[in-house]
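Take a look at the structure set out below.
Just so it is clear, A, B, C, D and E label the chains in written order, and each chain counts residues from 1 on its own.
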Amino acid sequence: MLWTAKKRSEKAGLPPGTLIHIGEKKVEEVTITVIDYDETHCLEKEVKAVEDLFPLRDSPSVTWVNVEGIHEVELLAKIGECFKLHPLTVEDILNTHQRPKMEDFGEYLFIVLKMLHQPDREGETVAEQVSLIVGSNFVLSFQEGMTGDVFNPIRERIRNAKGRITKNASDYLAHALIDAIVDNYFVVLEKLSEDIELLEEQLVEEPGPVTLNSIQNLKREMIYLRKAVWPLREVIGGLQRAESPLIQPSTGIYLRDVYDHTIQVIDTIETYRDILSGMLDIYLSSISNRLNAVMKVLTIITTIFMPLSFAAGVYGMNFRYMPGLESRWGFPLLLIFMVTTGISMLIYFRKMKWL
Amino acid sequence: MLWTAKKRSEKAGLPPGTLIHIGEKKVEEVTITVIDYDETHCLEKEVKAVEDLFPLRDSPSVTWVNVEGIHEVELLAKIGECFKLHPLTVEDILNTHQRPKMEDFGEYLFIVLKMLHQPDREGETVAEQVSLIVGSNFVLSFQEGMTGDVFNPIRERIRNAKGRITKNASDYLAHALIDAIVDNYFVVLEKLSEDIELLEEQLVEEPGPVTLNSIQNLKREMIYLRKAVWPLREVIGGLQRAESPLIQPSTGIYLRDVYDHTIQVIDTIETYRDILSGMLDIYLSSISNRLNAVMKVLTIITTIFMPLSFAAGVYGMNFRYMPGLESRWGFPLLLIFMVTTGISMLIYFRKMKWL
Amino acid sequence: MLWTAKKRSEKAGLPPGTLIHIGEKKVEEVTITVIDYDETHCLEKEVKAVEDLFPLRDSPSVTWVNVEGIHEVELLAKIGECFKLHPLTVEDILNTHQRPKMEDFGEYLFIVLKMLHQPDREGETVAEQVSLIVGSNFVLSFQEGMTGDVFNPIRERIRNAKGRITKNASDYLAHALIDAIVDNYFVVLEKLSEDIELLEEQLVEEPGPVTLNSIQNLKREMIYLRKAVWPLREVIGGLQRAESPLIQPSTGIYLRDVYDHTIQVIDTIETYRDILSGMLDIYLSSISNRLNAVMKVLTIITTIFMPLSFAAGVYGMNFRYMPGLESRWGFPLLLIFMVTTGISMLIYFRKMKWL
Amino acid sequence: MLWTAKKRSEKAGLPPGTLIHIGEKKVEEVTITVIDYDETHCLEKEVKAVEDLFPLRDSPSVTWVNVEGIHEVELLAKIGECFKLHPLTVEDILNTHQRPKMEDFGEYLFIVLKMLHQPDREGETVAEQVSLIVGSNFVLSFQEGMTGDVFNPIRERIRNAKGRITKNASDYLAHALIDAIVDNYFVVLEKLSEDIELLEEQLVEEPGPVTLNSIQNLKREMIYLRKAVWPLREVIGGLQRAESPLIQPSTGIYLRDVYDHTIQVIDTIETYRDILSGMLDIYLSSISNRLNAVMKVLTIITTIFMPLSFAAGVYGMNFRYMPGLESRWGFPLLLIFMVTTGISMLIYFRKMKWL
Amino acid sequence: MLWTAKKRSEKAGLPPGTLIHIGEKKVEEVTITVIDYDETHCLEKEVKAVEDLFPLRDSPSVTWVNVEGIHEVELLAKIGECFKLHPLTVEDILNTHQRPKMEDFGEYLFIVLKMLHQPDREGETVAEQVSLIVGSNFVLSFQEGMTGDVFNPIRERIRNAKGRITKNASDYLAHALIDAIVDNYFVVLEKLSEDIELLEEQLVEEPGPVTLNSIQNLKREMIYLRKAVWPLREVIGGLQRAESPLIQPSTGIYLRDVYDHTIQVIDTIETYRDILSGMLDIYLSSISNRLNAVMKVLTIITTIFMPLSFAAGVYGMNFRYMPGLESRWGFPLLLIFMVTTGISMLIYFRKMKWL
């Protein structure tokens, strides 16, 4: 997720439409699963050859082709041909460093999104690119192919012909997929909110360089999250306003719902950013406060013992004629003087609120 | 109020329109109160079964149904059916993590707002979600159900047929409810302004880590307040511009009034944010100033006593031949020299404005 | 001027149009003065009863009614009735915590402005709310009633039938009043610019916590000023664009003039804010610089005397066999060694630019 | 250039159109020079009385009247009458605290600009207000009258009938004047860029309070420059879009050119501001770094000599029975122990990278 | 790349359209290469005299003239005449301090871009200005002439008649050139991302003034990059919306592709800026942390040895009557007391988490 420009450079100089996979290969083999459904039937199978998709493509029922793994360039080129995709579209599907966007190619809509995953080991959010092609009777979805996706509940709903989904056309399916991805953002945000709460406790109890690091890491997570979510607003807004016949008016109300969720996600990210900035301020001033505390100790010790040591030094001089040296009370009197001086200094410091 | 994403995740993967209560259960039992009124009569009662609402719904007089407590999903679903609400509307009513918004469903307007409460114990502002459904002859209001709301004066006005309220349609009632909520923001802001004033005194008299904490807490309160109020501008602006036949032209002037108040609230929040930023600057520089003060004390003490101790150390050496050791005046002369040195250093420090 | 939300809360829950005075009572008695003029005559008098206004209201000549003091609710309600003002207008006139705004009520324009005053005692700018009602042949102006206003030159001009004012209708009078208020902002800004210049000198010569306080106070003044002036742009812009027949085309050029002045005031405020931010930076780094200076003194003293004291300490040990103790040259040689060490350290520090 | 509000206050309360000179009197006597030219002739002379302008005003050839010095109010009023200027225009010409602006008065365009000068003595940029009146066959330019202006090359071009200038109407002349002023901004920016480069060297080699001051001064220069240039974008953009018949379509392409330059100037100013902010950060952290360096020296000295002095102090005690006092090897052994301790501490500090 | 205003001043005062080369002379001799191609042929040659271009200019096939080196003013003037360029266009080509822009001159489009180069020696990004003239059957490209450009792959594609390029008109060639330049930005960004990663490691392992310098240098690179790329968005957006017949509808989809890339570059730059700001925060707080660490060492040493030295000093006094001096156990007991004190202080410091 870190460097979007990474490896993008390999493509510099090549003509647009050149098919090159940019990004990590996240899965060994490409899996193509197809669900073909309408109100009365639901056919689900794994497809090996692209040719198997032809009959489904031409049937009037909604066909959802999900491609997991996008590193096999020839395969994707074939799928592109099969569904008459523009070369630029296939190029963009192969390039995992896309910004979320929506493009209307007339025959189909091309939508790029970022799906967020949360691996347990390091807690760093990982983004996976999801490309959607919405045609009149088909939806293609391309994933980079990490273990687990958020589309399973939708598959379940199609299988059980539950809810609105089987009664509606491909645009509703597309909406359902986008909705699933946006809903998942809340899961990720919730995890981050827990991290922030933990960090706040740490900031109060035991702030240290580790705390600063965690704040900065979270801040950076927010930067990337924002980058992934911010353009989504435009994407869904664009879908809502799209004059494409592919989007039916009845879907509009559901898109507005997703739009609301997106705004809410953006709002929450901004709030977290503000909170993290505040935590940075607290951390920095806690460093200064501790420095102050240390300096006070140093000053108190120095201020008490320097005069006393000086007094002792004076009576350590080897002058022959010094008052009191020979007296029996010289030593105890000096000691009493020293203790008095020390105590009065302590009282002074307490009055100054240094103790 | 803190983490809007909290528990929202439970819903990820479910189809839109799935009815799930998201948020805390703030009241044990759901209370439904109905006020049905026009210029000539006013009927007020508590309703147990949703069926009791049917006759009132169909009467031409304005019916205000207030639902306190939104955790009983089936009940709300029933009310939704009774008033022909879209499933997405009912879903949004159940989800307490909505952003303030206004949606025109043709048959009715759906408005989400945040009502602010101020518990005395900790001083943290608590937000309660209020959803309004404005139909042609009814207004439904859904509250989470905390003790006390700001709608009582409106009930009073209806009962007494006081003011414009009973002479107008449901849109005026909706305006009255929104106005009550916005007016209440001023009460909350006033409380916060008192906190800020207290904090300013504390900042002058006895700044410490507690002060910083309070500043940060207030800043965070402002972030949440802003998040609750900012979208309101759009909501009310949207109502003003709405071409819905549900909003009568005569109500426009009252909506403009509420709009003005909202702008004023936002303005005040921004001003408070600026003030709190200034206070943070003052706090941070007060830490630095105190460090400077401590360091000056340390430096003065060290600068005075180090040379004196050195002088004493010199005359504490055991060389056999040292001038003055045997002299009667050696000790007093050295003492005079020491005192002179010390005093001249003090004078120097005063000249340097360190004392 | 500080807390706009103050006392505003008393109104929460009351229906819109309820007349309550919000703000301080700044004058004991309400004074109503009327000037009725056209090109040929000018009648000026103080009015006791609202009824006295009727004949003037109905005459075709321009009538300017100035009300000083707005705490007598019944009186204002009566004036409102007399000039057929909307209840919301009268409510807004009574509430001194308005944001500057312009509202077109068809029969009249309602304009709210802030007039700035500068009391000598504390130098804090005080804002007074001025509400203007511009009708076809009358202008009502409502002031809170502080001693002295900026309208006297306009009265003078009307009396002497000087300039354009008596040849024009009520909209020109309104423009003249707004112009007077905006012109007065320059006077206030000039005073603030002097404060800033003084502060800059102080910052160079003797920066201290007082300086910081002054910077923060000025910054806050700027926040309030900005809040008072910023919406003015919209107000005057709105007047320019207003399609109201109350504003004659020939007045447009004069409104553009006032608009320019407003932009200039806003510009100047922004510049002052930038300058004050720069001064804060200078102040903070001057603290750090002084800390550095103090620490250098401490380090120099410690670095010089610690080794010397150690040397003295070594020769103060009671070993029987130490070289040089018995020698006549032991003491002077050690002294020379000490002085040499001290001087070479001073040279080193000078080379390091610490002295 | 500093306080735009300065002396502006004298005008508060006066009716619009009152002619008062606001600003410093920068030249003793007002000079009026006229150039009247077309493709075939060029007449240049100094004019004493405004009446001399009449014949030129009425001739069809382009007449450029340049007025240096604007403090003689009557003279300017006369010129205003001669060219039928609106009183507000003459008022604005007299007020040197205008913001750059463009106003279309139908018969003529009124343009206010800021010309920048760079006196050598203090390096502070000085702004001079230039007002242009563009009529159908004349251009009036009003300068405050500092020594030297940037219009000489244009005069030269007219005299030599060089380039497009004598073949075009008054709007092209106006464009040439604006172009000359904007081009001059590059000269000023270049000088500032040199200052910034010098400052950067100083920041690396010998940062001190002077550096901070210079940074702040440059930052402030940028604030003023920005204030002078920013509105220019609007002015020239306004000229481009102006539907005035005074601007011929063929001039549009040249205005676009000047517009580009203005954007470039603004861009450069913004870049310089960013760079200066970065320099402030470097300066502040260089202070901290030096504090760190000083503290390290202090700590090293203290850490080495305190234990050694303590050891010496122990053997300076007067106990009768202390081991080694009587031994021949006591002193050398202790010395060796001390030197070893000191050296191992130095090694430790080097390992800690404090040395 | 640093000072855009540099040498620009030489031009101040000259009439628009004056041809002067502004910028460094980056190549000794000007090279003009021509590629003339359509679907069936491809002619490539180096041209010495401008006259050689005439036949190609008039042929219907696409002619791409690439001029490397723009310091020979007469040559460029000749080319300008040959292709009927407006004098302002030629002037802009000669001035290397242009901001990226697009201008529609009817007969041709004029586009200014910045090509980025990355010299290995210092790692500072160097920008080279590229001007494109897009006519109906020709494209002129002007480069400053640094070694190596990013157009070679395009030449290759034309030679091999590979891809879409030879089947399309001049607008597609222009798109290909812009695309090559934008693609190259990714290469530069990738290099910078590596620098940032290195810097991050350095920041963790060994932060020092060098780190700060590198952060500031990268920040400045970002400022310049941003300045070069930001206006590009407008340029390409302008091309997309251009109603010029020179841009064919089929090219639109490719321009949208380049537009997407530009947005992605801008996004990445903004992200890097945010990251660099975060690194600055980390650096500054690491300085403070180290100061704290140093101060703790100082305080610990002082706090332990000051009391011990004082105790030793007390028993170094020369009073005749002091308890324990004569005792055999005096010295060992005091030593034990001292060691105990020291150890308990260490324990205290460990408890305070200072060790």
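Operating definition for what follows: a residue touches a chain if its C-beta (ideal position, glycine included) is under 8 Å from a C-beta of that chain, and two chains touch if they have at least 3 such contacts.
Computed from a predicted model, the values in this text were never measured in an experiment.
Peer 1: With centres defined as the mean C-alpha position, give me the chain B-chain D separation in Å.
Peer 2: Here the centre of chain D sits 43 Å away from the centre of chain B.
Peer 1: I need the residues of chain D touching at least two other chains; which ones are they?
Peer 2: 288, 291, 295, 298, 302, 306, 309, 313, 316-318, 322 - these are the residues of chain D that touch more than one other chain.
Peer 1: Take each protein chain as a node, join two nodes whenever their chains touch, and name the resulting shape: line, ring, star, complete or other.
Peer 2: ring
Peer 1: Please report the chains around the ring in sequence, anchored at chain A, with chain E in second place.
Peer 2: Beginning with chain A, then chain E, the ring reads A, E, D, C, B.
Peer 1: Which positions of chain B touch chain A when the two form their complex?
Peer 2: Residue list for chain B touching chain A: 2-9, 11-17, 86, 88, 97-99, 101, 103, 105, 209, 212-213, 216, 219-220, 223-224, 227, 280, 283-284, 287-288, 290-291, 294-295, 297-298, 301-302, 305-306, 308-309, 312-313, 315-318, 322, 324-328, 330-331, 334-335.
Peer 1: Quick one: which bits of chain E touch chain A in the complex? Just the residue numbers, please.
Peer 2: Per the stated touch rule, the residues are 150, 152-154, 157, 162-165, 176, 179-180, 183-184, 186-187, 189-190, 193, 197, 253-254, 256-257, 260, 263-264, 267-268, 271, 274-275, 278, 281-282, 285-286, 288-289, 291-292, 295-296, 298-299, 302-303, 306-307, 309-310, 313-314, 316-323, 354.
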